Amino acid sequence: MASITLDKVVKLYGKVTGVDQISLKVADGEFVSFLGPSGCGKTSTMRMIAGLEDISRGSIFIDDKRVNDLPPAGRNVAMAFENYGLYPQMSLFRNIAYPLYVRKVSPTEVGREVVRIARLLHIEDLLDKKPSDVSGGVRQRVSLARALVRKPTVFLLDEPLSHLDADLRSSMRGELKRLHDLNGATTIYVTHDQLEAMTMSDQIAVMNLGKLQQVGTPSEIFNRPANRFVASFIGEPAMNLLRGRVASTPEGVLITLQNTPFVTLNRETGQAVLETARQEDGVIEVGVRPPDFTVASPEKSGLQAKVRFREFLGETVLLTLDTGAERVRVVAPRDTQARETDLVSLVPRLDRLHFFSIESGMAVAHSD
Amino acid sequence: MQSKFNLPKITRWVLLAVWGLFAIFPVYWMIITAFKKQRDIFQGPFLFPFLDFTPATQSWERVFGQDRDDILKGLGNSLLFSSVSALIAVVLGAFAAYGLARYTYKYGPYRNNDLSFLIVSQRIMPPIVAVIALFTMFRTVGLIDSPFGMILAYTWFNLPLTVFILTDFMKRIPLDIEHAAAIDGYKKFAQIWKVVLPLAMPGLAAAYLLSFFFSWNDFILALMLTFQKSSTLPIVITNMSAQMEPRWWLISAVGILAIIPPMLAVIVLDRFMERQVLHGGTR
Amino acid sequence: MSSVKLEALTKKYGDNLAISNLNLECQQGEFIVLLGRPGAGKSTTLKLIANIEELSSGNIYFNDQLINNIPTENRNVAMAFESYALYPHWTVRKNLEFPLKAPGRNIPAAEQEARIRRVAELLEIAHLLDRKPSQLSGGQRQRVSLGRALVRPASVTLLDEPIAHLDARLRHSLRGELKQYQREQNATTFYTTPDYVEATAIADKIAVLIDGQVRQFATPEVVYDEPADIEVATIVGDPKMNILPLAPGATRLEINEAWLQLPPLPPEAGYIGIRPVNIQIFENAHPYAIRGTVYVTEPMGYEQVIRVEAGEQLLNIKTLLTTGTFSIGQTVWLQPDWTTIHVFDRSGQRLKGGFH
Amino acid sequence: MKHLLIAPPLLFFFAISVIPLLFTLGLSVTNTSIGGSGSFIGLNNYAQLFSDQFFLRGFLNTILYVVLGVTAQYWLGLGLALLVNSMVHGKRLIRLLILLPMMIPPLIVGFVWQTLLDSRYGPVAGLFTGLHLKPVPWLTDPTLGFVSIVIVDTWQWTPFMFLLLFTGLRTLPKEPFEAARVDGASSWRIFWDHTFPMLLPASIAAILLRSIESFKLFDIVFFITGGGPGGATNTLTLLGYFTSLRSGNLGYGAAMSIILLLTVVVLATLILIVVRRLMARADKAGQQALDQFLAEPLPVKVA
């Protein structure tokens, strides 16, 4: 097993910058997710680590050894592809065995290893089939099995669950996490699904537009998002981002939304918010996650809003509300009385507010 | 590093250049021969690049003078037969291919696959097997040496090919797109005309091109089924050279003319074949 | 804008029954969601209504008129395909225009333009009108396909997983807008999805499809609170409802040498179901609790899902992250809340009666 | 409606394929000659064929042309397709240049190569003299004549193979090749383990098509050697033509064509069977290995 270091890695496609100066360290045995929307450069980064794409600038080290000029075979990485990348003319058995055949492992050993992995992934009865004869779920597991059958320095998994249906995806998520827990292999996992990243990773590297946005544990990413992008990309439904006016009062720093007082911050948090707002016309962006609002009757002080939709989600309801200028989403207990067109007052949880600079989008403070 | 076949770059270029020389040289030779006099042709051999002769326009004077009418007739006939028969073959082939791709046929024991095989199997039959009978049949109904007869013969010759190529293309057009047109309120004919045919464009272009090539290059059918009036370019050229000492300079000049139409066809149709029309329609 | 009645629909592919004896009736303007796993027959049902697939048997009525023999192009149904099925050789605008220009519709040019504009704004594709489908991302293509179905008035609108491939933000905002729009148009809508959250959020009524049959047809609240059988119960809810088999006549549940006293149950009870939020988890030995081993944990924001091996069972538990941190292999104790259980008979049917 | 769609090709099939075929079959059991009627002579024509040195030579030649020509064209076409496919720039132009020979009518091809290979005035002879080598009688020596025909056929039709194989290569998915590189396979192994097998369907189609067309080889030979010297480069189609229409021996010529047709059908079927066998055998070997491993009980810790 090994550690991986990216040092100011850049990928250019002609004049377009696909990956922009990414620096990152993955410790031995860590499970790290590259998370971001499609086209954010996460897959390109992984492919550069695998050696499938040239590195335009910067360096990649595996265990302190610079690997820029090594072909994929020389890096001893194992990879599972988003579209499986199975060998269509070979049986599933031969597909899984292929990396071992190439390394001239003895046939007995190959058979033993393949069957072991196949049993682990519950595909041992299908090994004589061709990839075209089995379902997408099985193909996905074969692609994983082919990566897992060797003992590489690092596992690279490119959206390995994206084509599975919901049930299988959720159970495979658990299986993968257990597998990593058992073998402790350094793993890089590419995904656009924040839930996958949140549930499985030791560390998440959030990317957007080719740039690294934040690296941290799932809890850091969720509770202290570094900027507006990370804040709205993590968590479902997405965090509400509201425009507030900032004013200094004797009690502290007062934030006003829609001309009504919203919250008064303590000195420490307030100071940072105040300083940013001073340079930006006295305005700040307030982030509130949908579960962090409480729905109260309209006479209570809070953000006044009119219910636009009420959607039943089982344990909870999702309310979409109009505040006049903005649209707000709130997740509330299902016994919440508010119906469509009702007026309500939204009261935020004071210890779970996030503040972002309007101009740069960077987080200014978190009130926790 | 990106290549699937990892030869060093220089080796690749050298290999390509060797083949390129082999492939292009005869064409080059034809072009320079077209500017030689009979005497120069029999002066050789010289050293590469074989340009040590005085260029002459003897051949072109013949092409645009004495032999003009014959050549024009041959060129016109070839162009007419090839382009029209290719068009008919593509249209009929497209409809048949659509049928084979979308419907289930059952004629006694014959299903879709048997029918396609029957149609395509005609291609296996060497023309020589049919040509004697064809000659007799055509003579009986008076189609020998007639444009209609030649177009008919070439259409027959090419139809299996177009059906073969287009069936595959029709199958690749997602059924849902056709269904969408029905949902949107259009009847079958409009569905085919507005949606299916535009989406089969690369196939139609490829099928047309190949049909055109095969008719254009045909020799044996024209040899058997024409005499005078409907002679195609290859027959005209043969007649010109049916002498003890072939006039290579003249034949080369006509040869250059003969390459132009298929080249133009390729250049025009190549872009249609490259077009990824189906891209983006479905998930 | 019709009421729809599906009567004993059956669709066979060879020997394979895709839809068997499916019945469903809905009023004009209702928003019906067909919820089911992949392969349950959701798409097939829509295609039967559109007559893209031929009925093997059964009857379809629009406004009480039998329409079995009316061809697709005359049924006046609009449909968004799961595969999108855009016309790749045309721009987005032409794609949206095509249904409006169909023979016999005679929609004035100004109204066509207005409709296209309205739908393009609703779906946030107004800036893409002059692009071709190949220049769009997957999510944008899906919105164009949805737009083509919404742009014209239709007797029935059929939407086959129309927002499955959009990003989370759009999925949430579109859900509500879509329903609102269809309500304004007074359009009868059939909508398929495998995602129960989408179904409960948007539906007037949910039809749960399993093996080509409607297992339950009711409002979202009823489907969630009173699932008709075990299969319905496990489709609606994430993570899945835990289903525990009972020995005949059992009065207690034995797992890992511990047992739990069951509440009084009718004699025909065969299974009990407990939702993951209704099981409490403890790090230390706890009275009235069964022992288990953590199989895997999944933190997600404020909450976490913990899967616990207990005896033969793998139980799902959903709780707040603040409940504690658990690691794979750790021993934990579980205590179900008996007041919230669902009871099913041996064949998996829900038992009526007040067990909670 | 659906019957109307496939009516034309079926009509053509019966009118211009089946009827002439029966007609030719009928002719082949008579001694009909041009301008005269013949009488039924049973299988005499066929019997005679097998003692006809010209026919036997032509038969052998045809098969050799197909085998040698198609083999050469396949490997060259495959090589070119791989080379061009691995290029990043200039694909389109190179492709057009490679396709050029295919666009020239065989008749012209014949003339051009005749001049090229002429032992007195041709540039090839010129090159040989320039290198102080003895000029080679390309067209007048029986063996060399045969070789020349194969070279010209390869020159003209390698582009066709290239086109089919290049298109085939372009439709192959990208991921398996990347997977193989990550799995640690060398270029050579990737070619034999993946490219070649995945291209097999396209290869089979290309080889079959070219074989079928090669059996009809006529015009190139007609114009370059006319079948000579002494029938050394004859093909069955050429013989059939000379016998039926030049010598006017329709019945005998018809019998020749029928034999040709049978040969094509038998060979095409053989190619298909052999290929299917090969593919099935590869599967079977894998299957046996698998059975052996599955039979072995293994201590596996399943979660």
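Order of writing sets the chain letters: A, B, C and D. Residues in each chain are counted from 1.
We take it that contacts are C-beta pairs under 8 Å (C-beta built on N, C-alpha and C of every residue); 3 or more make two chains touch, one makes a residue touch a chain.
As the structure is a prediction and not an experimental result, all values here were calculated from the model.
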Separation of subunit C from subunit A in steps, with touching chains one step apart: 1
Of B-C and B-D, whichever chain pair has more C-beta contact pairs: B-D
Between subunit B and subunit C, centroid-to-centroid distance (C-alpha), Å: 55
CA centroid of subunit B to CA centroid of subunit D, Å: 18
Subunit C, residues touching no fewer than two other chains: 138, 295
Touching two or more other chains - residue numbers and ranges from subunit A: 71, 175, 178
Shared-contact residues (touching 2 or more other chains) in subunit B: 2
Of all residues in subunit A, those that touch subunit D in their complex: 50-52, 71-73, 76-79, 81, 83-91, 93-94, 98-99, 102-103, 107, 111-112, 114-116, 119-120, 124, 127-128, 146, 156, 175, 178
For the subunit D and subunit A complex, residues of the former touching the latter: 173, 175-176, 178-186, 189, 193-194, 197-198, 200, 283, 286-287, 289-290, 292-294, 296, 298, 300, 302-303
In the complex, subunit B residues that touch subunit C: 174, 176-177, 179-187, 190, 195, 198-199, 276-283
List of subunit C residues in touch with subunit A within their complex: 37-38, 137-138, 167-169, 172-173, 175-176, 179-180, 194-197, 200-202, 220-221, 224, 236-240, 275, 277, 295-296, 298-302, 305, 307, 321, 328
Subunit B - residues contacting subunit D, complex: 2-7, 12, 15-16, 19-20, 22-27, 29-30, 33, 41-48, 50, 92-93, 95-96, 98-100, 103, 105, 115, 118-119, 122-134, 136-137, 152-153, 155-156, 159-160, 163, 188, 213, 216-217, 219-220, 224, 233-234, 237-238, 241, 246, 248, 251-252, 254-255, 258-259, 262-263, 266-267, 270
